[in-house]
Amino acid sequence: MSSLLMAGLLFTPLAWAVLCLLLAFRAARLASVIGMLLQMALSLALWAWVAEQGGFFYHLGGWAPPLGIGLRVDGLAVTFVLLTALVGAACGLHAGLYLDPSRPWQRYFWPLFWMLWAGLNAVWLAGDLFNLYVGLELITLAAVGLVVLGGAAPALEAALRYLFAALIGSLAYLLGVALLYAEFGSLSLVGVGEGAGSASPAASFALLIMLFGLAVKAALFPGHTWLPPAHGIARAPVSALLSGLVVKAAFYVAARVWLELGPALEAAVVGVLLGVAGSAAVCWGSWQALRQPQLKLVVAWSSVAQIGYLFLLFPLSHGVPEAVSLQAQQGVTLQVISHALAKSAMFLAAGNLILSVRSKRVEALAGVSRYLPLSLFSFGLAGVSLMGMPPSGGFAAKWLLLQASLASGQWWWAAVLLVGGLLAAAYVFRIYRASFQEVEESDPFYHPPRSLEIIPLVLALLALGLGLVAEPVLSVLGLPFGGEVLSP
Amino acid sequence: MTSALLYVLAGALLCGGGLAGCLLVRHLLRRLLAFNLLGSGVFLLLVGLPAHRHGSDPVTHALVLTGIVVAVAATALALVLIRRYFHLTGRVSLPTGRQEDR
Amino acid sequence: MSGAWLPLATLATSLLASLIIFALPEHRHSIRTTVNILAATLKLALVAAMTWGVFQGRFYGISYEMLPGVRFVLRADAVAMLFAGLSALLWLFTTLYAVGYLEGSPNRSRFFGFFSLCVASTLGIALAGNLFTFFLFYEMLTLSTYPLVVHRGTPKALRAGRQYIIYTLGGGAVLLLGVVLLYQLEGDLAFRETGHLMGSDPARYPALIGIFALLVAGLGVKAALVPLHGWLPTAMVAPAPVSALLHAVAVVKAGAFGIVRVVYDIYGIDFAASLGVLEPLAWVAAFTVIYGSLRALWQSDLKRRLAFSTVSQIAYIVLGISLFGPLGTVGGLVHLLHQGIMKVTLFFCAGNYAETLGVHRVDELDGAGPRMPLTSLAFTVAAFGMIGIPPLAGFVTKWMLGRGALAADMAWVIPVLLLSSLLNALYFLPIVYRLWFRPLRGDWPAERALGRLETHALLLWPPVFTAVLTVLVGVLAAAPFSPLAWADLVALRMYLP
Amino acid sequence: MSWAFSAAVLLPLLAASLVATGSTRFLLWRLLPWLPLPALLLATQVRDASVDIPWLMLGARWQLDTLRSPFLLAASLLWGGAGLYARAVLEGAERERWFLSSWCLALAGNLWLIVAGDAVGFYAGFALMTFAAWGLVVHADSPRALWAGKVYIAMAVLGELALLAGLLLASELAGGSVLLAEMATALGRSQQPGLALGLLLTGFGVKAGLPLLHFWLPLAHPVAPTPASAVLSGAMIKAGLLGWLVVLPLGLTSLPAWGTMVMALGLIALLGAALRGIWTREAKTVLAWSSISQMGLATLMLGAVLVEPALWWLVSGWFGLFVLHHGLAKGALFLSVGLSLPGAPVARGLALLVVALPALSVIGLPLTSGEAVKRWLKDSVSGDLAGAVPWQPWLPHLLSLSTLLTLLLLLRWWWLLRSGDGSTAVATLPWVAWLLLAALSLGLPLYAPILL
Amino acid sequence: MIERARQALLGAACLLFTVCLLWAVRHLVALPAEQQALSVLLSRWLPDSGVSHPVTAVLLNFRSYDTLLEIGVLVIAGMVGISLARTSALEDPAMRSADPLLHALLRLFLPLLVLLAGWLLWAGSSRPGGAFQAGALLAAAGVLGRLAGLPMAFLRPGTLLRAGLVLGFSVFLLIALLGALDGRAFLAYPPGLAGALILVIEAGLSLSIGMILLALFVSAPVAPEEDADGGPPA
């Protein structure tokens, strides 16, 4: 049963990518809706199956690692697969309504969209270091393709900047994999993890290089310059996908590698370095988000800031008691899920607002709260989760991270979390303030179809509700990031 | 001092030079070339190190083959973007001006 | 868990109401008003039923694990019902008043949606069973009140909203730090009448004092203790029902109620006293009482003067809490109710003058008495109540606080009370004097005829009724079901036998 | 029985609500003199009664005993007469609604504090009367009236605050009980009641016109409308005295230091006020000063009792007599100021003579209530029981000096009255009201022994 | 000024990186050379892989998932290339050169190239070769034809080109699904049929790879006036 589910999960997105490439936009849209439903069903079934039976290893092609490629299907991977299904379906549906079918290049959105989805699933489930590299490349190129859809000069510039940064990151990662393979002779993550005990200093250098590469791909502070133009220029559903999921893929790989190899190699310095970079990202990202004149750039810079929180996992899971590390992992998992939901909701809502206000600037939002309450409401709810205000998932994540940082004695991360929350509130309320401005004349706005506004609202409500059901979600993760997993 | 060590050494130096090229050069095509240098350096290391320790290892060959294909795909895509960018804006390097979203 | 559904039902009524109202298009006035009033009355009935149940000793509560090791707990105990009763009662009047006040203005769906959300969070605060749940609703209150403060959308309102958010979110962050530190140190503490920390080992005392400071600072923002009160007067730019609900019932009381919970149900009054944290708290409260009244003296704008008066009145509650002894507690708790009733009346009347006569400043009030007799009478009764003239509600509090101060041998509190009553007189009597004894100077700035009586029916009767309530609460203070009796019941359980 | 008490207090309160419309006001003017009727019946019929109402405020008690009933009697008679006079003079005047509402509320407050047995009720009545009286004082709405109103309300609020503090301390000493009797006994028993006593003395002193606390009196009385000033000095000032009698521990312990101080204040008031009053230029102000000096008498007696507790059982009746005597006489004198004297010289001379009659009783000529009061005071103070009373030998002489000064003072008043302009049309109703009060005050020695 | 400082900083960083890399490599080189478990495993399972050449076995059997994704990457690159093309024809008239010498040469080379590609494809199972090298040769042939101005109808962003792009990929995908449908893991070939299926896949792949690389080469920007517009609306 599980092998059928896995096969379906891997096959569907790739098949639909091929199918959609051959169809025109409207036909592809119809096919994609079916595909999304199928993929959602598969992901849900797999999630339910793992929730009962627990995780397992899936040997592709029948060959066991280290020879073949093994997929690690544990609680965390399956949760992220379901998250991808959720956010992907929402962005797909929204894109179907949002993109203008008459443009010749729009038809290529669907194949790239499905390829991106396939890449994401490949990364969540991967258990093999080289396979992760190929998965990341798949995601990068699909994302660059989506960003550059339409081929306008600014889109090209942003795409190029993105492509170069991502490629450098991938090669750095590959260099790390090469060094690790040279030392341990195995490519599977679990195999390398076991061998890490007797590692030489080269392995810690390899780890450093890999984390540097992945940090650049995840737009951590020093390497973040490519993200705002890319996510700002792209169409709303594309930026939602990029900010919500693509950026998380690189972080997910880094986290997997760190938790396998980190404790063994004395890489505390690397952890602290990433923590400091994360804090700098939080401050710089929020500060820039406050000053951006354009709405989508504000949301893009907010992504830079929120990614900073994720990288607090590294210092908090190294050289600390097991319980605290577990708490930090759960906190970061919740932060990833709630940020994915909230940020995609915010980007979709921002897309709707820009569509109806007919201008990208924040000041143009005056009077929106009177005539476009629904879009602003979903934007607002997403903002609540970004600020980490109760009862949202963001708050639950902030709470767990606060507890982890205080329990581990590294109290300064708690300061970063609190200040970050306030800065996030600053730029979210900047948008509220602009939209609450009363405007004299009658309704100047174009009203998008109601269904366009429902999608971000659903996502925002999920992000908000996540806080209330945090415990069940975390319990399904079991021991996140690997723990004993029974093989089929 | 097997011949593989020579490749490993060359690979390491290529990596250094490639990375420097990628980061410092502004011209897009040259950066792309530097990227390919870096890629080749990594592939050399990937094959050279195991070869040095215990003879030729087919797995690394397969990995390198896959790596090369991916590199080719990325380079081709980059080229298309660069040519289109040049076609539209006539610039050969990305604007580095003090954009406020630096 | 007997009666688990009652607390949830109370919260659900206003949550549901807010969702329905948000979904309603703007022009659906009648449906929105009926939903509003229906929800308000239903909530009042539920709260009354719960109060009766609690009085009989029945347990109402629900608890489920929201985060690993952290539970979401709702529990209706005596002091919760005190605050919940006040909120439910005054929300009914404020809703009626708001319906009348906002006649013909835009954005009413948005307003009433957030209005009911705000009360849902207030009731959540009242019914919270542990610090985590309390914080959860505390922050939801901040979010749901911001749109109310900036409802008018004018640049001034937006600036006031900005300052409001900076204060309250800053306070929220400090409170969050305190709560997490406490969870780190002592684990998930459910509120318990006599508090938990009596037995903790002395090594932790400095940490506990530090945490106490953080918690009170966080709550102090909403309770408008002096250094943190800046947002209250500027938030006066909000429409009258908002300032009535915010400054008399919801936001300000949430802060004071939080301090009650922290001092009694977490630390335990005896432990807090032994820690020596009550003395500084009393100093801050006393200073706020005096400072608030002083600042109110020369505020020319009526609502700003009332705002500063609120700053000092809320500090009475905190003062009552910090007087170690049942009498002080009773004084603090009963003032929680009395101040709510009196301040709501004052704000309703201020709203009436603004809405009917276009009067915003104190010196424009000359001769308003004869023009609007009932409103002015209500204002006068409430004003005398605030000064503390028997047999009105204010006197009962001052009497209890005075006795509490003497019993806790903190005699220096008596002159503070007297000075504050004098200051109250100094800023309320001139207004009463202008209302009744000064002749009309020229015509009113923006007079509008709003219905047969002196003003719109919905604007007139709420303040009159709350004024009558002020008198009744004062006169029937010792009666079985009066706020004072209820406060005694609560205070009795607070102190270790 | 409790309905009788509440009827006495609530009737004027309800009457105040009739002020709203024109027609009800007409009815109210007619009712005004009869408002204190239930209180009058209560004072005459009920000798000694105490009703507890646990649920009212903090546990209220209606009380009427030998100490309070003369106060009640004096107040109701005076309010009745002044009410009649007010109807005659002020009906139809401008700002009549304001006057009526203040008048009724003041009356209600006055009656409430007299019958209140608990501190909260007493304080409530006291405050209600004070604020209502403020309405009466500023009724003329002239700059002078406004200034007098400011001074009055400022001192009144300070007095109230001192009173609140005093009551709080006393209640604390009495273990939290709010009943006045228990407070008095508690004050008696406690070792250092100093602070509470001081506060209570100042609190009531403001109302009773103790020296240094009396500034508002000579300002407020002249500006108030005539019936209002009659009531102000006749009944309201007595509230301060009643406060002392009810709260202070009279007859329980001897407080020589406090006693001597109070007696000294009494003497200063008695003599100083009379001296100061002589060269004032306005008739009502003279009477105001005379009220302060007459109150000096009561303060003197109070001081004596404080020094020598045994005296209390002997002189507790004296205060009742004093209240009746001074209230009615002073009320009549104030009303006479407003009377219009006939133009013809002969009739005018006769009228002046008649008007002077109550003044005689105040001075203390034989056969009048004034003389009975003074003699009783002289005997008790210099009697054998008053062993420890200070300055015992000089007291009688000082008292006779005070009679002389009062004589001069009232001559000054009579001369100011005489220089007033006569008017042809003599309104009969004011004269009737004055006559009623004058008769009651002069007839006091006759009916006083029956009632007390 | 800041720019120069940035350059210097990055340069220093690269230098440091190279030094550390050399240091790490020195450590790795110093490690003892013990027999590698993976190559032992590989030699043991090679017979079952259906091909004799170990690299092809790893590429198309043991780690076939990598190859699948890698082909996916190529398809994406192709797609993006085509999506950027603005006109119906990918032809670039400026490039066509009617040079008789080139035409003659091509008549000789093109068939040779195709023959060589076929041989490489076949040789892949036993010695270095396979789909990628064959595809590259086909693409080279295409490029030469393109330079010589041979009319290639299929080089229009039409369905034919798109079908060609995904042909190999979909074949690979379907075969992979076959494995999963009859109970075994995804990408597992039915026993015995491995060699044949690998050959089918290789054939499809080589064709697609050739098509993709050619499409990427030719999806050059078109002459300015035909450019439809500057890009998507605001």
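So that you can tell them apart, the chains are marked A, B, C, D and E in the order they are listed, and the count of residues begins at 1 in each.
In this section, a residue touches a chain if its C-beta (ideal position, glycine included) is under 8 Å from a C-beta of that chain, and two chains touch if they have at least 3 such contacts.
Bear in mind the structure is a predicted one, so any value in this text is a computation, not a measurement.
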Minimum number of chain-to-chain contact steps, chain B to chain E: 1
Co-neighbours of chain B and chain A - touch as defined: E
Leaving out chain A, the still-touching groups: B, E | C, D
Most contacted chain pair (by C-beta pair count): A-E
Farthest chain relative to chain C (centres taken as mean CA coordinates): E
Farthest-lying chain, centroid of Cα atoms versus that of chain A: D
Chain B and chain C, separation of their C-alpha mean positions in angstrom: 66
Inter-chain centre distance, chain B versus chain D - centres from mean C-alpha coordinates, in Å: 108
Whole-Å gap between the CA centroids of chain A and chain E: 29
Centre-to-centre distance between chain D and chain A (centres being mean Cα positions), rounded to whole Å: 86
Multi-chain contact residues (two or more partners), chain B: 15, 19, 23, 45, 49-50, 53, 59, 63, 66, 70, 73-74, 77, 81, 84, 88
Inter-chain touch pairs (all): A-B, A-C, A-E, B-E, C-D
Chain C partner contacts - residues on chain A that touch it in the complex: 327, 330, 369-370, 373, 377, 384, 387, 389-391, 395-396, 398-400, 402-403, 406-407, 414, 418-419, 421-422, 425, 429, 432-433, 436-438, 467-468, 470-471, 474
List of chain B residues in touch with chain A within their complex: 15, 19, 22-23, 28, 31, 35, 38-39, 42, 45-46, 49-50, 53, 59-60, 63, 66-67, 70, 73-74, 77-78, 81-82, 84-85, 88-89, 94-95, 100-102
Contact set on chain E toward chain B in their complex: 3, 7, 10-11, 13-15, 17-18, 21-22, 25, 28-29, 31, 33-36, 38-39, 42, 54-55, 57-59, 63, 66-67, 70-71, 73-74, 76-77, 80-81, 84, 132, 213, 216-217, 219-221, 224, 230
Chain E residues within the chain A interface of the complex: 20-21, 23-25, 27-28, 31, 36-38, 41-42, 45, 61-66, 68-70, 72-73, 75-77, 79-80, 82-84, 86, 159, 162-163, 165-166, 169-170, 173, 176-177, 179-181, 183-189, 228, 230-234
Touch list for chain A against partner chain B, complex: 130, 133-134, 137, 140-141, 144-145, 148, 151-153, 156-157, 159-161, 163-164, 167-168, 171, 174-175, 177-179, 181-182, 185, 187, 225, 228-229, 232, 288, 291-292, 297, 301
